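This report refers to the structure that appears directly beneath it.
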Amino acid sequence: MDWGWVQDHLDEIQSLFFQHAQFTLLALVYGFAIAFPLALAATRWPRLYTPILGLTGILFTIPSIALFMLMMPFTGPTATTCLIALTIYTLLVLVRNTVEGLKGVPREVREAAEAMGYRRFKQLFRVELPIALPVIIAGIRIAVVTTIGLVTITALIGFGGLGALFIDGFRQAFGTPIIVGFALSVLFAVAADLALVGVQRLLTPWARGGGSR
Amino acid sequence: MRGTVTRKAAAALTALALLAAGCAAEEDAAPSGGSGDSGPIVVGAVEFTENIILQEMYALVVEDAGGEAELKQPLASREVLFPAVEEGDVNLVPEYTGALTTFVTGEEAEASSDGEELVAELREALEPEGIKVLEPAPAQDQDALVVTPETAEEYDLETVSDLAPVADELTAGGPPEEKERFVGLPGLKEVYGIEFADFRALDAGGPLTSNALESGQIDVARFFSTQGIIEQKGWVVLEEDKPLIPTENIIPVITEDVSTPEIEAALNDMSAELTTAEITALNKKVDVDKEDPQDVAKAWLEEKGLIGN
Amino acid sequence: MTFLSELLAWFTDPLNWQGSSGIPIRTWEHIQYSVAATLIAALIALPIALYLGHTGRGGLLAINIANIGRAIPSLGLIIMAFILLGLNITPVMIALVALAIPPIVTNTYIGIRNVNREVRDAAGGMGMTGWQVLTQVEIPVAMPLIMAGLRTSAVQVVATATLAAYLSFGGLGRFLFDGLALQDYEQLTGGALLIAALSLITEFLLARVQTVVVPKGLAKRNATAAVDAKMSGKAGVASSGA
C-alpha cells in the first residue's frame, strides 16, 4: 500500500469520488421520480401491483454488465447509458418499498383522516407518507448502497467513479489504487446508509421508541 | 406535527432535486467538441500505458498552448474510441498511422507504404469528416510477436516465419481485436501461413497477456514494440521478415472545431521530439518503475523544453 | 430495423453454435463457474449461519452482512484477487464466492431465528437434543428463507460470473468483452441477452425448486417473511456488479 501514491493523486481521487456521487445521486433522483408515481398507481389500482413489480423485477434480474452493454448500440459509451441503467436498477426496490410502506398505513388512520375531511392529496402527504416513511427510506437505503456498488461497473465503459481506480491498478499491476477505490466505495456506501438512517430519525421522531427496521 | 414532517421531507427533496439538476446540467455541459477554442478539448486514449502517457502529454501541450484540456477515461480499443472522435465526443487522440489507415479506409494498409503515403491516405479519408491529422512523430510502435527465451530455443524461433511450421503446436494470446485485424491472426495466416493451435483473448499488451506468457499459459504473445516489459522480462521479439505490419508512426489526430494554429504547432513540435527510443523509455518508467503517467509525461516535456514551466 | 435483423442473424448463425467459443460451450462454462461458486459459498455459509442462528450468537453481523455484501464492488475484488493470485480461475472463484456468501448467511440466520420460541421449547421439551432441534425443527421451518437466500445468491453469481471473461476466461461474458473490443454489437447484444436469460432462468428454476422443497403449510405462513428476505437479499443481485 503506497501512501505516497495516494498523496500524489488526491485530486484525481477527489474528482472520481464526485463523479461517483453524482451518478448515485442522479440515479436515485430519477429513480424516485419514476418509482413514486408507479407506486402511487399501484396502491390506487392494486391490480397494477403485480405487473409493475414483475416488470421492475425482471429488469432488476438482468445483470448490470449485460444491461450497460445492451444499451451501448443505442446510446453509446456515454454517461447517459450509465444513468439510464443505474436508474432502472433502483426502480424495483423503490417501488416495492413505497407500496409496502403505504399499504402499511393502518386502515383506521386512513379512515380517521377521511372522516376529518382530508382530501386524497392532503391525506397522502399529511398522513400516509409520514407513516410510510420508515419503510420508504429503508428502500432508498438499499437503492443507494446498490447503486454505489453498480457505479464501479461503469468503469468498463469509461466511467466508473471510484471504479476507474480499479482499471488503473489493473493496468499497472499495482495494488494501491485498487485498495483505495475499494475502501472508498465501501465507506461511501456505509456512510450514505448511516446518513439515511439519520435522516429517517430526523423525519420520524415518533418512531424512535419502537423497533425500527 | 405531521405537516412539519412532510414539509421537512419536501424541503429535503427539493434541495436534492435542485442539486441533482445542477449535476445534470454539469453533465450536459461536459464537452462534445465545443466551438472553436472556447470549449474544453477532450483528449482520449485507449487502455494501454503508451497511449495513456501520450494522452497526458497531449493534454499538457494543449494547456501550454492556451487551450483547455479534459482527459477522458481510457477506453477498450480503437474500435470503441475512434467512433467517439468521429461523433465529436472526443477531440484529440494519439494514433498510429498504419493501424488507423486500415481502420478508417476499411482496407489493409500496405506494409510497403511508407509513412508519408499513409499520412496522405489518412488526410484524404478524414479531412472530409472535419478531422485533422497532424504531423507524425519519428517514433513507431508496431505490433510484435513475443516468446520466452525457452520457447525460442525449443522451437528454434528467430523470425515470425519460423513460427509457420510449428504454429499448430502453439497457443497464441493477445487482445480480442487480434482475431479480426489483418495484422493479427488473419494476416499471419495469409502472409506467413501461420495457424495457431489456439488463441486466447487477453488484453492489449497488458497484465493478462504478461501473466499468461510468463506462466506458460500461452506460447506466443502479441505485444507492442515499445513496451518496457519485453526487455524487463528478457523476452524475445520475433523479427517480421515478411511484409505484414505497416509503418506505425505515432500521430496526433484532432477535430477541426477545437483546433487552433498554436495548438497544432505545439503538438507538432512535441511529435518531432518523440523517437522510438524516447517513448520506449517513458513506457518503461510507468510499467516497470511504476511511475505515474502524468509525472513521466510532464517531466519529459519539461526536459525537452516543450512546455513553458 | 437492420440491427435487429443482424442480431437475429448472429443468433441463427450455425457457426456461433459450434466450437470452443460457441454459445453452448460458453453457456456451459458460465453454468460451471456459477454452480461451483454457489456450492462453495453454501458449504461455507450454511454451517456458519446455522450455528449462529441456532445459538443466537453473532446476530448483528449476520443480519448486516447482506447489506455490507451489497456494497462490495465485484470488479475491484476480482482485479485485486488477480493481482495477488495471478492468471487462473481462483481469483474469479474468490470474487464469486465472496459475493455469494452474504445473502445465504443473512437469510439463513433470520430464518432460523424466526422459528417460534414455543416450537423450539416444545421440541426441547420432547427430549430432542440440540442437534435434533436444529435438523428436525429449525431447518425445516426456516426452509423458505434458506431457499430464498440460496436463490438470491445463485442469481447474483450467475450475473457476476460475467466477469470471468474480463480476466480472459470463458463464460457468456466472453461475448460481451470481445464484442465490446471489436465493436461487434451483435455479439455484444447477443451475449448480454444470453446472460440476462440465464439469470432469469436461474431465478425461475430455483423458485420452482423452492416450491417443491418447502412444505405447503410453511409456505403460506412464511410467505411474507420469505418475500421480505428475498427482496432485501435480492437487491444484492444488482450490487454483485454483474
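Chains: A, B and C, in written order; residue numbering restarts at 1 for each.
Just so we're on the same page, a residue touches a chain if its C-beta (ideal position, glycine included) is under 8 Å from a C-beta of that chain, and two chains touch if they have at least 3 such contacts.
Here the structure is a predicted model, which means the values were calculated and not measured.
Taking the mean Cα position of each chain as its centre, B sits at the greatest distance from subunit C. Summarising the inter-chain contacts, the pair of chains with the most C-beta pairs in contact is A-C.
With centres taken as mean Cα positions, subunit C sits 38 Å from subunit B.
Measuring from the averaged C-alpha position of subunit A to that of subunit C gives a distance of 21 Å. Each of the following residues of subunit C touches two or more other chains: 82-83, 180.
Residue positions of subunit A touching 2 or more other chains: 155-157, 167, 170, 173-174. In subunit B, the residues that touch at least two other chains are 76, 80, 83, 207.
Of all the residues in subunit A, the ones that touch subunit B in their complex are 5, 8-9, 22, 25-26, 29-30, 76-79, 125-127, 129-130, 133, 155-160, 164, 167, 170-174, 199, 202-204. Residue ranges on subunit C touching subunit A, taken from their complex, read 3, 67-68, 70-77, 79-80, 82-84, 155, 158-160, 162-163, 166, 173, 176, 179-180, 185, 188-189, 191-193, 195-196, 199-200, 203, 231-232, 234-242. Those residues of subunit C lying in contact with subunit B across their complex are 20, 82-83, 86-88, 167-168, 174, 177-178, 180-183. If you check the complex, the residues on subunit B that touch subunit C are 76-77, 79-80, 83, 173, 175-177, 179-180, 198, 200-203, 207-208, 211-212, 215, 217. Contacts from subunit A toward subunit C in the complex involve residues 58, 60-67, 69-70, 72-73, 89, 92-93, 96, 142-143, 145-146, 148-150, 152-153, 155-157, 162-163, 166-167, 169-170, 173-175, 178-179, 181-182, 185-186, 189-190, 193.
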